[in-house]
Each structure stands twice: as C-alpha cells, then as structure tokens.
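What follows is a set of structures for review.
First chain A sits with chain B, and in the next complex the same chain sits with chain C.
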Partner chain A sequence: MRLIWLVGFILIILACEEAPKLPTTLPILGEKDIVGKDTSYHTVPDFIFVDQYGDSITQESFANKAYIVDYFFTSCPTICPKVKDQEIRVYEKFKDNPKVSFLSIAMDTEFDTVERLKWYADKLEIPKSNWHFVTGEEDLIYDIAEDFFHVAQKDPDAPGGFNHDGRLILIDKEKHIRSFCNGMDEGDVDRFMKDIETLLNEK
Partner chain B sequence: MKISYLLIASLLISFVCISCEEKPTEREILFDEVMDIHDTCMPEVVTLNQIKRSLRKSKEDIKGDSVTVSKINTTIGAIEKANEGMMVWMRELVIPKDIDPDEKVVPYLKEEKIKIKKVSDAMFEALDDGNALLKDIKDKQ
Partner chain C sequence: MKSKILIAICVVLFLFFSCENEEFKQGYDLFLTYCSSCHLERGQGLRGLYPALANSDYLKEHQADIACIIKYGMEGEIVVNGKKFNQKMIGFKDLSDFEITNIINYINHSWGNDYGYVKFVDVKESLQNCEQVRNKN
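Coming up: the complex of A and B.
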C-alpha cells in the first residue's frame, strides 16, 4: 500500500515539473563588431537576381520578411530533390504567412535559365507565390554562397558543419542570418521550422 | 517438449524470413554506386569555385611573375573544365524509369559510372592542384 502511495506521489511530482521552455529568440550568426556599446552584426550582401517569372529579385523583395535560402541545381539527381522535398514541407507550413518568403538560388548559371527555373517550379507544383527560384551572374551567386558558408563555418552557434550540401538558411528582415539546417535531415528541418516560428514571434 | 517445438518452429520461420529478404538487384546496386560517386564530389563544385576566385585574386596581386601567372591560368582552366564536366554529366543523365528493362538500364548505368568517376577524378585533381598552387603563392609572399 505504501509503495502505491509513493509511486503516486512521484508521478504527481513529475507531472507538475515545468516543461522545458522554448527559446524566445534566435542568435544572430556571423561575425560581429563591437564598438563601445554598439554591436553591429553580419548582414547578407545585397543582390539582384531574376526569378522564374523574369522578375527582378533583390533584398527589397524581402522587405519586412524573413526568408529561407537554399542553393540548388535543376539537374541535380540526388541531393537537391531530397532537399526540395524537405523545403516543400517548410513551404507548406509557411506558404500563407505574409512574413515568410523563399529564395532558391540556382548555381548552374548556364543551364538554369529563367525558362528552366519556371519548368522546375512547375514540376514541384509551386504556384506563383512567395517562393522565388532565381538565377543571376555567376560571380554574384558565388559571392553570396561564400558569405553564407563563411558564416556557418566560423560561427559556433551555427548547428552542425557546413559542406555546401543542401543547407537551408534563415534570414531575418534585418538581413541577418539566424539559423541553418541540413535540408536532407527531416529532424533537423523540424527543428528549423521551430526556429522560423521563434523568429516570427520575436518582439 | 511443447516449448522445444515452438522454439524450433520460430527459428525455422526466422531463417525462412531472412532468406526471403530481397537482395538489391544489379541495377539498384549500380544506381547507388553512381549516385554515391556523384554525391561525394558534388559539394566540391562550390569549393572549386572558391579556389578559382582566390586564384584570380592572386593573379592580380602578382602581375610581374609570369611563371606563376601561367600556372594560375592553367589551374583555373582545369577547375572550370572539371566543374563543367559535372554540370554536363548532370544535364545529360537520364534517371532510369522502373519500367525500363534491365538489359537497357544496366549497361547505361555502367557507362554512367565510368563517366562520373572520370568527372570525380578530374574534380579532386583540380582541387588538389588548386590548393597546392594557392599554398605555393602564399609561401612566396
């Protein structure tokens, strides 16, 4: 009888224990400069791309929005389709949220033309929406890519390593990199989606 | 006694199940091998581009050294060719459909394995050469 009371007591204590609190903010990734009391954080460089509809896409296209970036090749047979499957999950969750956009940057500038990007978006059944599949000048594309990779490699807050293979990157409305995930790892993408929610709920 | 019968029966069922497990077909094995080679070298496209850009920058810094400039040009050429090799391979690859017969798919995948291996070798060679040249340039400075 005493044992039953003891077990019951332990169960009550366990049930009363507070659930672990989710973080309310995300770190700002990348190098930071501290001058006196002011801290300036790394920001994503400006860019100008063209999307699958031939529209110009710049930082202004994402004003007051968070956006998710990835790099891909429309002809990639393995890594990119797996990442796109996961990214579609993220898209499905946030597609109706006006504060979220998607930027998929094609790296084969010769082959991945505007027409090809439109074909690719259609293949994924992505309607004209907040998901831009873009191309642009090769140097600019690789400049931005190197910037992302540099931040992820240097920053201890960046989860996991960075092998340029299928990462999804979260940028906030201030052009700061806030989170990464391995776009081929379903569990990591789940964590990334929570990060997006955290970012959207930041005050 | 009953327990022994049950034990023997369950062991027999286990053996049957294990032996019935489907083994991958030749085309499945080949497809995985082709994609493994591709997946291993694919991320190096970006690394090679980084090296190319560093070499271009070095070339501007060492304009007077014609021997090194020539080496840089050769290495950049090899990097571009290696990366282009991967792009062309991806563009031309036709993923076999399930309905395609083995007689058609197996030789095709064997050929693709040879092709992607060449692409991979060229990429890693360009990577090594590029890194070595960058190190040489850095050591000279």
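Coming up: the complex of A and C.
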C-alpha cells in the first residue's frame, strides 16, 4: 500500500517537471550563413508596394515594427476567405498595438487594382489602419514570395510547395522571419498569436 | 435489473443521437467541400464579402432559387440581413440533382436554421427552369 503512495508521489513530481515551459524568445527561421564568428540570418529584402489607399509601402513603413504577411487574391474562391477569417482574429487582437502591422499581398496583379483592394478591405470592414492590402510589380511579388516563404520551404514538417498555401508569416523589426502558421487552422493560429506576443516581449 | 434498463436507455439514446447526426451526412460533406470555403464552416459568412447562410433572410425567402444558385452561381448585388453583397459566386455544374437536394437540406437545418425539407423531385424540377431564375435575378 505504501508503495502505491510512493509511486503516486514520484509520478506527480515527474508530471510537474514535464510541464511545458513557455519560450521567452522565438527562433530566427530560414537559412543562415556562418562566416568566422558572424552568423547572418535570412533577411527579407527591400520592396515597394502600393496599398489600398494608393500609398507606397516599403520596409520603411514597418520600421521598428513586427509585421504579419500573407498572400491572397480578392476573387479567390478557395482558401482565402478562411485565411482572411482567421487573419481578422489576429488583427482584432493586435489592431491597436503600434508595434504590429499587417501586409496582405495580392497575387492577381491584373484584377486586383488599388481600387479593387480598397473595395475588398472595405467589405472586410477594415478601416484605414495598420493593415495594408497591396499590389505591385508582378516580378517583385513573385520574387519576394520566395523570400517570405523560404523558411516554410525548408521546414521538413511542412507540406511541400509555397505558392499560396494560406500561411501567415511573422517578420520582426530586423526583417527576419520568426514564425508562421497555417492560416486555415484555428489552433495553429492561436499558437501563432502567442508567438507574436512572445516576439513583442523579447528584449 | 435496474442497470440493464439504464444501459438499454443509453443505447437507445446513443442510436437516436447518432442517427440525427447522420441525417444530413452527404449534405454536410458536400457543404464542406463546395460551400464552406466562402460561407465558412458554421455558415456565418465573412463580414461584407460573403453572406451568411446561418439565419439568413435571403436563404429563407429564396428557397425556390437555391438549387439553381448552387448549380449555376450568381452575380450582382443582393441584400442579406440588411447588408449589401456583391461578390460573384461560382456555380457547381458537376453536382447532381440529388447532391444539391442534400446540400439544401443540410443548410436548411443547420446552425439554428429551420427552413424546411426540400424534396428531390422539386429540386429536379426547379433545376430544369433555371433560366427563369437567372433572368429574374
């Protein structure tokens, strides 16, 4: 009988030790180059887009901010509405935070004009805020997609291919990719929101 | 004896509820495949972009047109629950009359909707007259 108590006691102690610890920092994702003592991490290059109000959006627009990136197109009948539904959840949580912005890049450069993007943002009831729906040069949009999605491609657990798979990607103020999630998976988006908070609390 | 009765009641209840869930099984599966991308899983729609199917006055009042809308899609502005929508809906011409009947019965009885049963023969007939619905819209 005493043995049972002892075993139970040990199990409780082990269970306590197993409790997951919340990470206090996020990893820097993507390939890294190590030259001597210096490690250079994958960095999102400069870009220039135009948002739904006709304003230019560059890396400078996100100076000292973390931002969340996704690819979409306004007439998308497949996964975009679901991703947008989840992204709105993230937006509602962080819309008043001056350290966070949102960048939704439209892949359909012909159809998704500035006017169309304005219409779309209005329909989603997103006021002029920290959420930019952008268009731009087609080559740039597809080139930079590789930079944003680079990390996902390298992730052995992720399903293959990066073209428009509904991911939300978190970029930090140093232009490094720090986290991503499947924008159609509510649970994964919950975890992503915790990652955003972890990033914001990093020193 | 008492426990046997209890078990019997549990089994009956279990069968009853599991049958209830199975009632619109095909409609539910088809809904997930063809409709939920835009109208979302609980039929709640997406803000001003895609109208809701749950508690939708448009769905309730346009029961006769729903089969044609699913099959051939629709364009132009509509008002749902007082809100204007104008996003083109694509049609699903590959769906059979039977499958469309099952989808309608699923959405008519989900998320608090109680818009009645549609019969296969009625859906089949209305699908033969879609031109009229399209002209009306």
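Some observations on this one:
Simple rule for what comes next: the second predicted complex is superposed on the first by the 174 of 203 C-alpha atoms of A that agree within 3 Å, B and C clash if a C-alpha of one lies under 4 Å from a C-alpha of the other, contacts with A are read in each partner's own complex, and residues count from 1 in each chain.
As a working rule, a residue touches a chain if its C-beta (ideal position, glycine included) is under 8 Å from a C-beta of that chain, and two chains touch if they have at least 3 such contacts.
Worth saying up front: this structure is predicted, and the values here are computed from it rather than measured.
The superposed arrangement places chain B and chain C in clashing positions on chain A.
Taking chain B and chain C in turn and counting the residues of chain A each one touches, the greater count comes from B. In the superposition on chain A, A:Tyr142 makes contact with chain B only, while chain C stays out of contact range.
When the two complexes are overlaid on their common chain A, residue A:Tyr41 makes contact with neither chain B nor chain C. Contacts of A:Thr78 after superposition on the shared chain: both chain B and chain C are touched. In the superposed model, A:Leu124 lies in contact with chain C only, and not with chain B. In the superposition on chain A, A:Ile88 makes contact with chain C only, while chain B stays out of contact range. One listed stretch of chain B collides with chain C once both complexes sit on chain A; from 27-35, 45-53, 63-71 or 81-89, that stretch is 27-35. Shared contact residues on chain A (touching chain B in one structure, chain C in the other): 75, 77-79. By the touch criterion given at the top, residues 35, 38-39, 42-43, 45-47, 49-50, 53, 87, 90-91, 93, 95 of chain B touch chain A in their complex. Here chain A touches chain C in the complex through residues 75, 77-79, 81-82, 84-85, 88, 120, 122-125, going by the rule given at the top. On the side of chain A, the complex with chain B involves touching residues 71, 73, 75-79, 107-108, 110-111, 139, 142, 145-146, 149, 163-165.
Against chain A, the residues of chain C that register as touching in their complex are 36-38, 40, 46-50, 87-88, 90.
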